[in-house]
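Two complexes come next, and they have one chain in common, chain A, joined by chain B in the first and chain C in the second.
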Partner chain A sequence: MASNWLSQLFTVALFNLRSIPARKGSALTAAVGIAGVVAVLTGVLSIAEGFRKTMTSAGSPDVAIVLRAGAENEMTSGLGRDETRLIADTPGVARGAAGPLASAELFVIISLPKRTTGTDANVPLRGVEGTAFEVRGNIRMLEGRRFESGKNEIIVGAGARREFAGLNIGQEIKVGRNVWTVVGVFTSGGGISDSEIWTDAAVLQPAYNRGPTFQSVYVRLASPEDFGIFKNGISKNPELKATARTLPDFYSSQSEMLSQFITVFGVFISVMMGLGALFGALNTMYSAVASRTREIATLRALGFPAAPVVVSVLAESIVLSLAGGVVGAAAAYWAFNGYQTSTMNFQTFSQVSFNFAVTPLLLAAAIAMAAILGLFGGLFPALRAARMPIASALRDS
Partner chain B sequence: MKFLSLIWSSMKRKKLRSVLTLLSIFVAFLLFGILCILKESLTGGVSATDAARLVVRHKVSFIQMLPQGYANRIKTIHGVSLVAHQTWFNGMTKTMDNASDVVVPSFPVDPEIFMKIYPELVLPASQMEAWMSTRTGAVVGKTAADKYKWRIGDHIQLTSPIWQTEAGANSWEFNIVGIYTGAKKNTDLSGFLFRYDYFEEMRGGLDKSMVGWFGVRVDDPQQADAISKRIDDEFANSPWEVKAEPEGAMVQGFIQQFGDIASIIRAVLSMVFFTILLISGNTMSQAVRERFAELGVLKAIGFPNGLVLMLVLGESCTVALLGGLTGLAMAWVFSLGGSPVPNFLPVWYMKPQDIYLGMGFALLLGLVTGAVPAIQAFRLRIAEALRRDA
Partner chain C sequence: MSAESSDLVRIEHVTKTFHRGSEEIHVLSGLDLTVARGEFLALMGPSGSGKSTLLNLIGGLDRATSGSVIIENDRLDELDDRQLAAWRARHVGFVFQFYNLMPVLTAQKNVELPLLLTHLNRRERREHAEIALNAVGLSHRLNHFPRTLSGGEQQRVGIARAIVTDPTLLLCDEPTGDLDRKSGDEVLSLLQSLQENGKTIIMVTHDPHASARASRTVHLDKGQLSTTGPE
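For the complex of A and B:
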């Protein structure tokens, strides 16, 4: 009995789906409408996703950063030579052959012309100590070599080289009265460091009239569990006015404002467009039901109960929406995934380069949204179809 | 206009369908309006700039400081009338719920010259006097005052991670003596201004007598580029080389750093309009097709072809304008409410040009969606139409 009922449901739904070609125009409109919504949703959210990915992927949990107490970012922080030594000697820091794995760093900003617009944009120039590579653990040279200490040499992140003109190996950039030569290109695997330019901190200090001061200290922890000990050691030390944070923590706080903005913007646009498409889908399904009035009445007259009729209308709506959703998601993936761009991060006042990321989760969410639009778009028309008085519907012209 | 009732009754023919179409057009234009506000907010800084103003900064970047004494040298350059310096203070205060610290855009300035160079900041004369006579006095923009519930007479503290007092404290004391408003709609009122003499006397550290950048007023805006060049040359090969540029160019460059916002917004809007065009166009064709028999009757009783065409176009334009204008009106109402994120986007209003553009789009939408069914109705033969079954 149950299987009979199910097969009945199935047959009526299939019968309905096969009649879609008779309503090509309006069916196509509904599907394309949904495809447009899904493409925009996926596209806008892939910006937020890509940005978030860049900001978090560089942060290994066993690396910590120390800034002056109260400073939210490296630019507003400042630490003296004595302080950076105390930080390096705090318990919890891993030790290498040459002592503690800590790198005291300077962070300044320089203006370079952007490739796309030709206008100047801010690039972070970071002065690091020789230990920085071992501390980060994920820096790989793509071309050339590392800078030599004491020389006016720089290495550039892969993202920075892509976005800015004049950063190929052998080229020189003039910063103030100093000339620096590009000797290498590095990557941190798509992380935030890829947007930076690195040089020797000892060379950067005099060039910037900084004296023996730094802005941050990066340390490698003996293990991620040692962060508690390290953090305590920093905050309990009466000679230090500094706070420690793990790198993932720090990076996510640095990108909070921008990723929140992009996400809110994306969700808002998607909800509005979704509403517009929902009204469109409702219209399409109401007219699909209207054009099949006689057909549906005939089914009912033959003794088919209301359920298969409701299900068949819903099936049509969901199939159309899903088709639109899949097309829209595929188009967004094709157009946006991996799209390289850069923007200004307010909180660091400098450029971050990143790729749009259409993740599987995003695709699934987009297609789910299409299905939900289809469900709601079909529900009321389906109920109307089921409630139609048979006699007058058969007479419908 | 006597045919308006005819148009109206054909819209009422299928109420639900008309309402749904209206709603989808309404949503599209609401989105259009809000995106226009957002675009203006993100890129409109340029229209808030003054063509007679230059900005002079360290050649390497904004964060590098310049000697305060440069002001006098800039002032002697031909064509320059006033010079005022500013410095980024990065003052922080608690949010209203006391949960976290936020940065207030705060700058030590020389009050008299600064207010002359930035006349769009309007401060009552009595408050200006109070500022001149109170060393710890500060004036705040109306947006900031509303946000942090600051009133004249309040004694407040800001902490700065960059600037410490000679005594080594991060916390700075101020008395609010004035609240400034904007002469224009797009004036940024989120700032906090205090006296440079107080700042200079109190601050310790290496950067004493250094300032962030200079605002320069020139006699003749036409000469802005030439004067910028003269200022650059004046300091070439000095320990602190500068870059001078008109304020508009500086803001434009700053905006470009965000990437091409305008083209992203244009792309989203064209997707929205394409989708809506498709949906409402299809509905319109269907609505007309269903009424072919009726249109045939109209023609049979003597309506000329052209009038039938106009009737159909009139209907589609009515639907588009009704939905479009209410959407735009709603966006306008939304813009009056002020920015939902005043810290991030302080300027929040709808440009009249954008409203006219939206109206134009609504009319265009009506004409395009009505075109195909209107031509079909125009060509319709009476005999055929009357014979039609559905």
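For the complex of A and C:
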């Protein structure tokens, strides 16, 4: 009985699809609507994705950061010289030629004019110890050299140089009472450090009247597995009120709020637009069914069951939506992928520069969403087509 | 198969009432009709008298409000929608006034369409369609699309599609209504020759020339049938 089931579906779906050119206008409208939704969804989610990527790619799992207990970020943390020494001597920390690989650091926010608008925005200025480079392990000088200790010299992250004016080698910036000279440009491979400016902690302390205090200690672990020992060593030490986190862990907690916000916002916009596109698809498919009333009634008169009719309408709707989805995703990829921008990191109130990331997963999700829109857009028209009373449908057409 | 009667179609006390808003339209009121196997019946009557309605009931496209429609041994009112669709595919060939061909399919593919509901494989379907198109004199038009065929040719494709499954019953609603005299005559000759080969045909028509080709003519008026004898 059902031996030709597939051929039935195929044939009916095929001439449904082949009749699309006769209905170009409304088919195109539906597909374009879906393309728009998919492009926006992909675009917005690529922001969240790019931001998350930047925030996490800086963190190698064998680097840990120690902050004062209770502090959520470096801004609100504070550690004295004695404490930073105890932290550096905690078991689990890797040792280099000159002792433990630990860098006690200072974190201040300065204001510089943005290249694009000329208006001031916040940039983190980080005072580090000489070990910082070995601790991070991923810092590479792109131009110039490292700062010399004891001098008013700075090196700037590639992202910071891109976003802010006056940060080329040889240029000087005035911060507080001091003038600092740019002597190098570095990158951490697209991570969050790229948005920062670095200098010698020992020079930054007096410039900010800090005395011998720091905000964080970055340490290189002997191995990622040693984090447990290290963390315990920090929390069990009665002379320390501090907590240790791995760098990836720390960065992802820092980026969570913003990337969640962007995601929620993006999904909200996409849902609103998706509803619009859904009605567009519904409308298109209702009119497709209406314009094919006679064909459908004829098929039913010939004895075709309802199923191929339903499937053919759904197939048309899904094909239109997928076409729209692929176009939208491609447009988003072309327009957004790698697009560089910066945004406020609400944890530190300073600028983080990052790239939009249109990942394959994101593309797949966006196209899947197009298919779902098509499915729902076609469902009710398909059911209407299947339930159509045959005799009166034949009369009316 | 029951030997008691040669009647293929038995319609007993059939009524059909349509509702249009609060208005009731009584189209058929307690109608009886039998059609013998091998008959070519012409169904005539004024416009709006319910000819198409009656034909649709016989073909299982619509359901009677009361009474029974029995074709061979099947009581159509006892079949559910799915069974009725399968029954149509097996037993009925429809010929429509405006042909109702699929514009995106060639003549041959149009004729193959009902065969998708059978066990036949692709090659058998093609062969059957070719035989049917040959029978209506269109073996030279296999790969033509409907819009490139004349009205008469399209209707012959329609007839080929109706007979390709070798149905029990051929139902034609004004098959010549849209054709000129010459093409209409060709179509009628075709139907006649089908009858001669044993097909049972019921044809709705306004045209006395058409009904003249039938073996019997009945008139429908005010919900009832009146018979005129064979000419």
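Note that the second predicted complex is superposed on the first by the 393 of 397 C-alpha atoms of A that agree within 3 Å, B and C clash if a C-alpha of one lies under 4 Å from a C-alpha of the other, contacts with A are read in each partner's own complex, and residues count from 1 in each chain.
Going forward, a residue touches a chain if its C-beta (ideal position, glycine included) is under 8 Å from a C-beta of that chain, and two chains touch if they have at least 3 such contacts.
None of these values were measured; they are calculated from a predicted model.
Asks: After the superposition on A, what does A:Val40 contact: first (chain B), second (chain C), both or neither?
Replies: First partner only.
Asks: In the overlay, answer first, second, both or neither for which of chain B and chain C A:Phe261 touches.
Replies: In the superposition, A:Phe261 touches chain B alone.
Asks: Classify the contacts of A:Thr119 with the two partner chains as first (chain B alone), second (chain C alone), both, or neither.
Replies: first
Asks: After lining up the shared chain so the two structures overlap, which partner does A:Leu275 touch, if you call chain B first and chain C second: first, second, both or neither?
Replies: first
Asks: First (chain B), second (chain C), both or neither: which does A:Leu361 touch?
Replies: neither
Asks: I'd like to know which partner A:Ser287 touches here: chain B for first, chain C for second, both or neither.
Replies: First partner only, chain B.
Asks: For the three-chain arrangement built by superposition, which of chain B and chain C touches the greater number of chain A residues?
Replies: Comparing touch counts on chain A for chain B and chain C gives B.
Asks: Scan A:Val179 for contacts with chain B and chain C and give back first, second, both or neither.
Replies: neither
Asks: Quick check on the output: what are the common chain A residues between the chain B footprint and the chain C footprint?
Replies: The answer is that chain A has no such residue.
Asks: Under the definition above, what is the set of chain A residues touching chain B in their complex?
Replies: That would be residues 25-26, 29-30, 32-33, 36-37, 39-40, 44, 68, 70-72, 75-78, 108-111, 114, 116-117, 119-122, 175-177, 208-209, 211, 257, 261, 265, 268-269, 272-273, 275-277, 279-280, 282-284, 286-287, 341-344, 346, 349, 351, 397 of chain A.
Asks: Would you tell me which residues of chain C are touching chain A in their complex?
Replies: The touching residues are 52-53, 56, 59, 61-62, 81-82, 85-90, 92, 94, 96, 100, 102-105, 109, 113-120, 122, 161.
Asks: Report the residues of chain A in contact with chain C in the complex, numbered from low to high.
Replies: Touching chain C from chain A are residues 1, 3-4, 7-8, 11, 15, 18-19, 294-295, 298-306, 389-391, 394-395.
Asks: Which of the residues in chain B come into contact with chain A in the complex?
Replies: 16-17, 20-21, 23-24, 27-28, 30-31, 34-35, 38, 59-64, 90, 92, 101, 103, 159-162, 170, 206, 237, 239, 241, 252-253, 256-260, 268, 271-272, 274-276, 278-283, 285-286, 341, 344, 389-390
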